[in-house]
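These are the structures in question, set out in turn.
Common to both upcoming complexes is chain A, partnered first by chain B, then by chain C.
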Partner chain A sequence: MTNTFGYTGKILRVDLTTGKIWTDDTMKYKDFIGGEGMSMKIMWDEVPAGTHPFSPENKIIFGSGPLCGTGVPCSGRTNITSLLPSNPDHSVSSSHMGGYFSVEMKYAGWDLIVVEGKSAKPVWLRIEDDKVWLEDGRWVWGKGMFDAMAMISSQMGKEAQIAMIGPAGENQLNLSVIRTGASHSAGGHGGVMGSKNLKAIAIKGTGSVKVAARPEELMALDKYMMTIIGANNQHVVPRFPHPWAEYTASGSRWTAKKGLYWGAANPPVETGECYPEDMQSVGLRTHKGFQDLGAVAEKYTVSMGGCAHCPIRCHSQVRIPQLEERYGIDPNVSNTCVGYSGPNGIMFKGTPDLPGQEKGEQSMISKTLGSHLADDYGVWCNYGQMGRDLNWTYTHGILKKVLPADEYASISWDLLEKGDPAFLIDFYDRVANKKGELWHIADGSYWIDKRWNLGEEYWAYDKNKLWSKLGYPVHHANESQSQVGALVSCFSNRDAQNHSHSNFGAAGVPLELLKQVAAEEFGTPDAIDGPMDYTPMNQGKANFVKWALTRTMLHNSLTLCNWMWPMAFSPLKSRNYRGDTALEAKFYSLVTGIPMTKEDLDRAATRTFTLFRALTIRSMGTADMRNKHDQTTSWVITATKDKNGKEIPQFTKGTDRMTQEDMEKGRGLVYKAFGWDEKTGAPTKATLEALGMPEVAAELAAKGLLPA
Partner chain B sequence: MDSKQNAADSGSKRSTSRRDFLKLAGAGFLGALATTTLGMGVMETADGRKVEVWALSSGAIVHDPNRCVGCRRCEAACTVRNDGKGSAFISRIKVSRNLQYGKLGVSAAYAKANGQMGNFLVVADTCRQCSHPACGMACPVGAITADPTTGARVVDVDRCVSCGACQDACPWGIATLDPETKVSTKCMLCDGDPNCTKNCPTGAIKFYPWEEAEALLFGTDATSGATAVSGASA
Partner chain C sequence: MSDQASPVTAYVEVIREASHATKLTALSELACNEQDLAGMEVLLSAQAEDDIKLMRGSRDLYYFSDKYMTSAYALHLFRVAEKDPARMIADTVRDESRIYPRPTPIASFLEAPFRMSKAALDGVLWQISQRNDMEDIKSTTASDGSIYLYSNEYLSAAHADSLAEWEAVGKVENP
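Right after this comes the complex of A and B.
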């Protein structure tokens, strides 16, 4: 091992079958930057195609990046990479969680943790700096995560950071999470830990992450960054008028204003005017209780939470006494966005307020109850898809058909029908504990269709929001920057989780400014369309797609939060609202001492994204990505109708639908931008070799998976 | 701001109050002390006893749990500036260790207790720049002294012998031996411009002049000595 800056230089390796624990060298993977990139390389090298996600031969990799632990804004996320059980081909995919886990990894001296094999009995992995050993996990197996985290912390110490699975993960549900802290979940890989009999990884680190630059250099860059940062999702324009604000944007998550409080703080804390130059109010800009739970939640909001070293606090921390009064559960709940709405999607009949309740109160109760239950059991909502799948299978009589009659009769459907959140308590118990047949709702859409035979109409129904027959839903797709979001969503093996393009388009500045910045970044203002006012595919949009895909891969490798980064815009009129898309490279260079330009990092991310593509090709056993992987469901490319039943043609105002022909053109342009084969969308031998991956080209060639 | 929680959580008892000490030392005493280069010295009282006295700090950092969002930007700001690295363990303001389960740690009632796994209240430990600093008084080689400009109790890293006496003595758990350098770290107020306060995104950390800081940290009875032990780990 050499002395390193940014990187700790060490990868922790654990074989649960043999109990062997050893150390590997990070820097041999440095071309892949860190986190997700390095994990992709390890998966390529070590986990052969055809491996089942729940077999001991699968590996699960917890990754941090070189910026993590140095205080760079929004650098607290943990990347988790493994084979994905909900994917039809069990392709490699990544899940991500916020919190403080990856920072603790770094402070304990580890860039990555790679776990393989299967323990004979439940265990948890204990890491105290360079001392690493396995602990008996039988006494915490089967426990909900809130209690189990406290149980492990009581032995390990209150400062331990823990990544854990709940009963859903233990029971190897495809849709299960790995969680850390009070509210940070990575959806999709909980069952992989469960299959290994690994309840948790708990870490304490007393070390550090060294910075190559002089302290004042990093401090100056950090200060500069803090003038560019906006609110959650890098929205740089506030929702409400402020004395300083030239613009407002109705969809903005910059929700602070005079008179809006964290109402359950003592005394209440006013969010206020939050002048962009005031660094001491950046964390007040985003009131997530108000945003996610409605105006009713203001007085229940204690404070905001979030991740290590992030000034933007995007998790609301609320105290809902009704949860304790009605259901006897902990009234303190924290979560964000789909962490609330996803579990509440199970209540698809709605949750009307009861007499005497405030407007939206029942919905707030339902969201927080669902969030708490899903977080305790460790059930993943598949980015909101589980609720829509329950809706479809219930409403179309499928559940009545496939569930045994006594099981169906035992389910409290009457509570669902009348909108009583108590239904969630029954539902999550059945699903997480694999009771009866209903739990297969957590197989994920592709596998549910296979088991319950849902048919083409299930995939074609637009309100089901299924994006791909690989079984994943819309996550900032065609509704988000036209073909850009649509194409970005075609390259993943799960919901795209890409915010590079969606944050760009939703920054809040006027369309003209968006177009100016698009011209600077992507070569033409035509890379951007107005909302529901789309133009046909063009080269600028293809450049935008490549930028979004590679930047997100870069962020998951550095590790920076892609829910905030990249910094394409700023709230400063004095900068003409320009951000700085070279900030990643500036931070990387200062922290690691390895000089990198924006172009250098973009190239490294292109390498990693191309490797991810190769992994998908290998797991699917075909190079024909265009036809076998990158297609959408049919509703996406079908014209929609206006309220009078009249068809709205694509590329006219009022529709966000795509056409097949235009999407095919878009695929070809994106393939070309990556240097991949335009016909199949597979990386060519020349491109793989130019990116420094001849071994990948050789293996694909040997398997007949290189394009002709 | 509401710092009652902080003060209550950490306890305010001590064996010798500053007011008591002033009575003991006499009025002209502090003026003489201010002229000493190390900001401290040993003086003889009227009845012939020798006592160690310190110039007061110019002020101290006070943390407001009610506004704290637990981001730990203060910790990284502290150690990047002062140590050239990111670290929670040696940060001179301690948030991480209380973040999840409060100062008291895990209990069966964790869901209602302080911390993000409970009621969301995050109570940091900060250096109080005690008027009668246990760290400095415990140091066997005089490596901790009052900075002539800021009055902060600072560690002379060249004189530190890595014995850990300051760490053992500090009732607030601030002084910490860096496991990598084996040198003591404690809050030195960043030469009068504390980097943690500048990097707090909610204004939860502020630097207050001594009289205000003393009242906020030790309660209105202004008991600012550090020789008490109760409440240090509460």
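Right after this comes the complex of A and C.
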């Protein structure tokens, strides 16, 4: 085994069919950096096209990266890569979770965990440093995740970190999650673990990660980063006026202010002014109870939680006594963002406050109840799409048509109609436990349409927010930096989960400053437009798209949190609000001892993203990515109307809609930026070979999948 | 040289302390005599204490130290101190429409440092709609009922409508 820094040097391999457990060398994959990159290479090498996600031949890979477990800020992410059940072609995709799991992997001595095969009976994988074995999982199979995690923790100790599925994953729902900790969920691959009869992976590690640099060098870079880091989503401008702040931004997640408290803490904690360089108050900058659950949640907020080695605490931890009083469930809930709003989207008729309730109280109860249920059953909302799909199929009478009459009649639609969150209890039970026909709402949009024949109107309706006919929704698309977000969203096999571009545009500084930094990074200020004031496609935007795609791949490989990184802006006027987009390379070089510039890392990420593209081509069986993969649904390229019903032409103020012609131009520019074939969007033989992947070129050529 | 600090030096410290406490210092609070005032003018023009800044209002002169607050924040305090809430809102809205550019949620004037009551805000919004010198200030309402103001010198109606909808609804739906 090679002596390594940053990396542990070892990959854990587990075959559940045979029970064989062995070790592989990480460093043979080092060109792919770590996490997602290495996982893509393993999937390319070992999982042939046509494999079903739920077959034993599929593999599921838990990946950490070289920066994970080293103390680099915001480095607690776990990358999970496998075939994606909800994708029409079962293409490879990745899901991600925060928490402490990947750090514990590193402390136990493992860079990646690769699981294949299928156990004859339910098991869970137990890892205590280099001791690895399979435990009988029948006693936790069928349990909700809160109970099952407690049961396994009782065996291993509370310091163990556990990645687990709930009944939804066990029952192989396409839309199911893998969860770690109280609230960190990776959506999409829960069913793959279920298909392998693998309930959980539980890890205890007592080691550490070796770092090449002297400790004070790493500490100095950490301290430097504290002059750059902002709040959640790297918002560097506060929402409310502060004496230290030159700017404000109404959507900023830097929500701290005098008089805003973690109200249920004992004693209550005031978030306060949070001066940018004050390391003691970094964790107070973002109040996610207030942000996600509304002002009413302030007095129910106990604290903010988050991930290993992250000073930004973005998971609210709230205590809602009403949950225990009304529904008999644990009043302690933790989650963030779509972890709350996604399940609450099931209540699409709204949740009006009842007499005697505070403003927003019923919504808060609905969000926290839904969060608890989704996290216990392990149901994925497909970035909020499940609620919109339920809305469409209910409102258009489809459910009444496709559900057996007795099943339809047995559902308490009256609770949904009047906004009673109790509807969620019955809904999640039916879906997670595959009862009747309704559970197919968790097949994912593409498969729902196939089964229930939703028709073109379903895809074309803008409020359904479906981005691609591959069945995934908007996740920072055209509304986020015009063509940049739109094109970023075209290269995915699921919701794009890309925050490199969205955080850049939402930093909070005025447009003029955004344009200055865009010019420095992408060659022209025209790479970025103001919101709802878009201009036609240009080369700068194509550069921005490539940067966003490759940076996100890089973060998922290192593994850094792309909900925070890259650090393009700083809250400090003394830095002229400039961040440092070479920080990833600086940390990588210090930690691993392998000198890398940001251009070196960008090239490595380009290699990995190109391999991801090749994987998609192989699974779809066509090189024509432009027409078969990268297209949007029709609403995206249809002019919208103003309040008075008057059409707003594209590229005039007041609309974020695209045109087909402009998007086609954009696709071509991005393909060219990657060195791919401009007609098809497929990597060329020359590009694959230049990136050091001749074997990929050879296999695609043999299958007739290289562009002419 | 005297061991005692000059009155001007003492005023500078008063200004800094007030700024540290997030307050402007009005000239009227300093009880300057004419000689002191001249000294302050000299001090500012010579930039001997270059953190001390002056804003000239219709009611008073206001000092602050930019060691402790930004000019932007001081401008908010200045507009509050001038006690013309209609002008405070109109000028703040104009700034935001010009700088970012974006419409301004009226709810922001309920927050510090403005701290208007809802009733007072409603009254001032009516005043703005009647004032000839504020004809450029327009309002738009997002689909969730949130009201925003903008200056049509910097934002068109269609642009302001869409930005308000994005701020109030779009960002919530696209977290």
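Operating definition for what follows: the second predicted complex is superposed on the first by the 708 of 708 C-alpha atoms of A that agree within 3 Å, B and C clash if a C-alpha of one lies under 4 Å from a C-alpha of the other, contacts with A are read in each partner's own complex, and residues count from 1 in each chain.
Just so we're on the same page, a contact is a pair of C-beta atoms (placed from the backbone, for glycine too) under 8 Å apart; a residue touches a chain by one contact, two chains touch by 3 or more.
Everything numeric in this text was worked out from a predicted model, so none of it was measured.
Visitor: Putting chain B and chain C onto chain A via the overlay, clash or fit?
Guide: fit
Visitor: See if chain A has more residues touched by chain B or by chain C, and give me that chain.
Guide: Touching more of chain A: B.
Visitor: State whether A:150 touches chain B only (first), chain C only (second), both chains, or neither.
Guide: first
Visitor: Touch check for A:337: first (chain B), second (chain C), both, or neither?
Guide: A:337 sits against chain C, while chain B stays out of touch.
Visitor: Just chain B (first), just chain C (second), both, or neither: which does A:100 touch?
Guide: First partner only.
Visitor: Regarding the shared-chain residue A:245, is it in contact with chain B (first), chain C (second), both, or neither?
Guide: A:245 sits against chain C, while chain B stays out of touch.
Visitor: Could you tell me if A:310 is touching chain B, chain C, both of them or neither one (first, second, both, neither)?
Guide: first
Visitor: Angle at chain A, chain B to chain C, CA centres, as a multiple of 10°?
Guide: 80
Visitor: For A:579, using the defined touch cut-off, is the partner it touches chain B, chain C, both, or neither? Pick first, second, both or neither.
Guide: Neither partner.
Visitor: Using only C-alpha atoms, work out how near chain B sits to chain C after the chain A superposition, in angstrom.
Guide: Distance of closest C-alpha approach: 21 Å.
Visitor: Which positions of chain A touch chain C when the two form their complex?
Guide: Those in contact with chain C are residues 240-251, 257-259, 292, 337-338, 341, 465, 474-476, 479-480, 510-511, 530-533, 573, 642-643, 648, 652-656.
Visitor: If you look only at chain C, which of its residues touch chain A in the complex?
Guide: Residues 19, 22, 68-73, 76, 99-102, 105, 108, 111-113, 156, 158-159, 161-163, 166-167, 170-175 of chain C touch chain A in their complex.
Visitor: So in the complex, which bits of chain B are touching chain A?
Guide: 2, 66-73, 75-77, 79-90, 96-102, 105-106, 110-112, 115-121, 179-180, 195, 198-203
Visitor: What residues on chain A touch chain B, complex-wise?
Guide: Touching chain B: residues 69-71, 73, 100, 103, 106-107, 129, 146, 149-150, 153-154, 157-159, 181-182, 205-211, 214-215, 218-219, 222, 265-267, 269, 279-284, 302-313, 317, 319, 330, 332, 334 of chain A.
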